[in-house]
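This structure is in structure tokens; I'll ask about it shortly.
We call the chains A, B and C, going by the order they appear; numbering starts again at 1 in every chain.
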Amino acid sequence: MADGRSQVRRRAGVRLWLSAIWLLLLILLAIFAPHIAPKDPLEQDLFSGRLPPFWVHGADKSFLLGTDSLGRDVLSRIIFGTRIALAVAFISGTLTCIIGAGLGLLAGFYRGWVDVLVSRFIDIWMAFPPVLFSILLIAVIGPGLFSIILAIVVIDWTRFARVIRAEAMSQGAMDYVASARVAGRGKFGTMLREILPNVLPIIVVLLTLEMGIAVIVEAILSFVNLSISTDDPTWGGMISEGRTSIHQAWWVLVFPLITLFLTVLSFSQLGEGLKDRFDPVLR
Amino acid sequence: MALLQTLLLRLVTTAVTLFGVAVIVFFVIRVVPGNPIAMMLPPGATQADIDQLTALYGLDKSIPQQFLIWGLGVLHGDFGTSITLRQPVLALVLGRLPATLELSVMALVMAVLVGGAAALTGTRLRATKVEGGIDIANGMALSVPDFLWGLVLILVFGVLVPVFQISGRVTPSLQLPFVTNFYLVESIVRLRFDLTKDLLSHMFLPAVALAIPLAAIIGQLLKQSLKETMHLDYVTLARTQGYSEARVIWREALPNAILPTLTLVGVQFTFLIGGTVIIERLFSYEGLGNMAIDAVINRDLPLIQGIVILFAVIFTGVNLVVDLTYAALNPRLRHG
Amino acid sequence: MNYLSIRNLSARVKGGGPLLRDVSLEVAAGEVRGLVGESGAGKSMIGKAILGILPKAVDITEGQILLDGTDLLSLPPAERRIRVGASCALIPQDPLTALNPSRRIGPQITDRLVHILGWTRSDAEARARALLGEVQINDPARVLRQYPHELSGGMRQRILIASAFAAEPKLIVADEPTTALDVTVQKQILKLIAGLQARHGTALVFVTHDLGVVSKVCQSLSVLYSGRVVEDTTVTDFFRAPKHPYSAALLAATPKYTDPSAGLKPVPDAVIAAVKAEVERG
């Protein structure tokens, strides 16, 4: 039994590392995109449209993963797409986290009317289909990076608020909080100094998971053609184009899809792995 | 009657939630810069034409006034008229709803069957390689959302091994003798199994894409609570009575382990229905979600309102039903 | 040939230390044998080993459990399960957790008579009503339709006792059946078990840490320490003159049987050290 358990732990550790390595690689790709990408991702050449990847007969070896219908290099577009994907993941993830966790903390620790208000809004938010809501918001505020980030924050803050509220509530009922208050610490100070550190591990896990979700939301919005302008390289936009030409040029769909798949999987595995690390009971 | 009191309280909060949804959608979509009427008219239209149509749809009034008129209409079952399709919103929405319901329920059934089977197998063969395999599969299925599974399925079963349809709800050239929009149900009732087969081959992949994450959640949670239940005394007692392990799991552990799973499945089922929006788009399936995205792109305000409200009604309704089922299944609450 | 005969049984936790060391004990048909010891001494493990409900992490390393002359450990699992189910029963420790909360009482008693032993449903129900009468439950027909949470702990323990006797087993393992109950109920339950045992002539393995209980219901007893039987004797002999120093110390530590005014005395450290050394030596 003891050795079986350590085996599972080791496997979880491997997954954690693989995820971290993949994400690190993406960060490097995003930073050094202009130096790494073999071509200009926007450069069109209608004479070399829909060229297959290098190992397929009829390929042009200079387009490693082939070209799309406008003759743009798939590999370079994936590499530049990393920039938007990661920007959305980190910025919207962090903002969502700050707003959601903040409201959750206030509601869970202060209770009273703050809690009533926040909980009511959570209920209303839960009654919206999130994808439809995000599409609606983008349609209202117009496409662009800023809109996507705003839409994700507006929709997903409840993910944090729900969990952190419950957690702050149960932490707030514990003796150490009462003794901090007795020792003369103010209510807001108690929340920041006593409650926050105890819910921080959960926040970190949720944040990691949220980044994966943000990447997906961006892809979905690009897919519905509402994300960034259609020229800018985004994974979702590439997938959207690939979906329509799936029978003629599968590579336009497959490579961005694999990249997106691995990225979402990595964020999620990283989050789950961190959860196991933080949670002494699960260990 | 604590149960009745809970029910009434739930109905009131549900009403408040629905009202909140209505208010938010109504105001959000009216912040849109640009007149939706101008978008739908041909380029040569005069300002007078635009004004006339704007007045026809009531868009010249202030937003609170519009909300009041719309709200009163809704209470009488009138959700307004679609700007792009020029038909009553309620009829349009109810016409598409059956397609989405059939898809969601099929996905739910798949998820329950597969997730349940995974949980039972994992419990029966606990602490073996099989359980480890199930855990890894669950973890994978959970990590990736329905949208990506849909794309993967399109690639694998639509292109690589083209055994299923990847577009639409039914082959367009077929003659459909249906009077309702519940095509699948009606094809079975009318014993037109050729149509059933065609419908299923269109529904299968989108339903699987929607079912995968939910199946994983069910599998994981049910297995966890089954395994906890397996340590309880009454299960041990049943084991000493000569029952097989499989029967002990099925008869003694499952009925008690299922309750915590049920509440979660309710919430998750609403997520699944929310997922139909993008999955229907992905598979060009003519349901409510696909219509919703078109409505947003075309700025069809009355239609957007109607669809969002309908989704909200479904979501809150599902949660209400789950809570009541929970109460009905738990003898402790029933005879409290 | 005794009905139950355990020979040289040893068990250990997978990858851990021994739980049972070379345990041998005999229970004749109709005999009541107490298994006594501190918690962790292995007394419950013996009961679980007989019934085949040892935790998965425990391995039996050697020995035999002969039930009516057949070694249970050498049977294939399915056959063993059915044989044990037909001829043995368990009275569990905690009546609050030993009944399935989501099922009515009736089927919890009758199901196995129907499914395992092939009775008709009406025979099984008649039997259940009769047994509930025997354990002094009023209105058995109504109780059979109730759910466990509607009944008190004492009632539930009576139901579990009735259920244990339902199939006329030859052997019942009672695993601390009174520990979870309050003192007044304990006495009634003990009396009930003893009465039913005498009437049905069932052999009983009574696992307990309470020597008072042993003196009331048992004829013979095995004293366990750290997985080993340190004394195997009759109840009369034990209370008159325990042979093993650990038994003597245990007896002395139970105030009721020596000097009630003396209060609770711990077993002296010297005795513990000696018995530990003895057990480890084998």
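To be clear about the criterion, a contact is a pair of C-beta atoms (placed from the backbone, for glycine too) under 8 Å apart; a residue touches a chain by one contact, two chains touch by 3 or more.
Keep in mind that what you see is a predicted model, and the values were worked out from it rather than measured.
Q: Report the chain whose CA-based centre is farthest from the CA-based centre of chain B.
A: Farthest from chain B by mean C-alpha position: C.
Q: What pair of chains is linked by the largest number of C-beta pairs in contact?
A: A-B
Q: Taking the mean of the C-alpha atoms as each chain's centre, how many Å separate chain A from chain B?
A: 23
Q: Using mean CA coordinates as chain centres, what's the gap between chain A and chain C in Å?
A: Chain centroid spacing, chain A to chain C, equals 57 Å.
Q: Take the average of all CA coordinates in chain B, do the same for chain C, and state the distance between these two points in whole angstrom.
A: Centre-to-centre distance between chain B and chain C: 53 Å.
Q: Chain A: which residues touch two or more other chains?
A: In chain A, 1 touch at least two other chains.
Q: Two or more other chains in contact with one residue: find those residues in chain C.
A: none
Q: Taking each residue of chain B in turn, which ones touch at least two of the other chains?
A: Chain B, residues with two or more chain partners: 127.
Q: Give the list of chain B residues in touch with chain C in this complex.
A: Residue positions touching the partner: 126-127, 232-234, 236-244, 251-252, 255-256, 329-332, 335.
Q: Quick one: in the complex, what on chain C touches chain B?
A: 51-53, 56, 78, 81-82, 84-86, 88-90, 92-94, 97-103, 111-112, 115-116, 147, 149-150, 160
Q: For a test of understanding, state which residues of chain A touch chain B in their complex under the given definition.
A: 1, 4, 8, 120-121, 123-124, 126-133, 135-137, 139-140, 212-213, 216, 219-220, 223-226, 239, 243, 246-247, 250, 253-254, 257, 260-261, 264-265, 268-269, 272
Q: Touching residues of chain B toward chain A in the complex: what are they?
A: By the definition above, chain B touches chain A via 13, 16-18, 20-21, 24-25, 28-29, 31-32, 127, 132, 139-140, 142-145, 147-148, 151-152, 154-155, 158-159, 270, 273-275, 277-278, 281-282, 289, 292-293, 296-297, 299, 304, 307-308, 311-312, 315-316.
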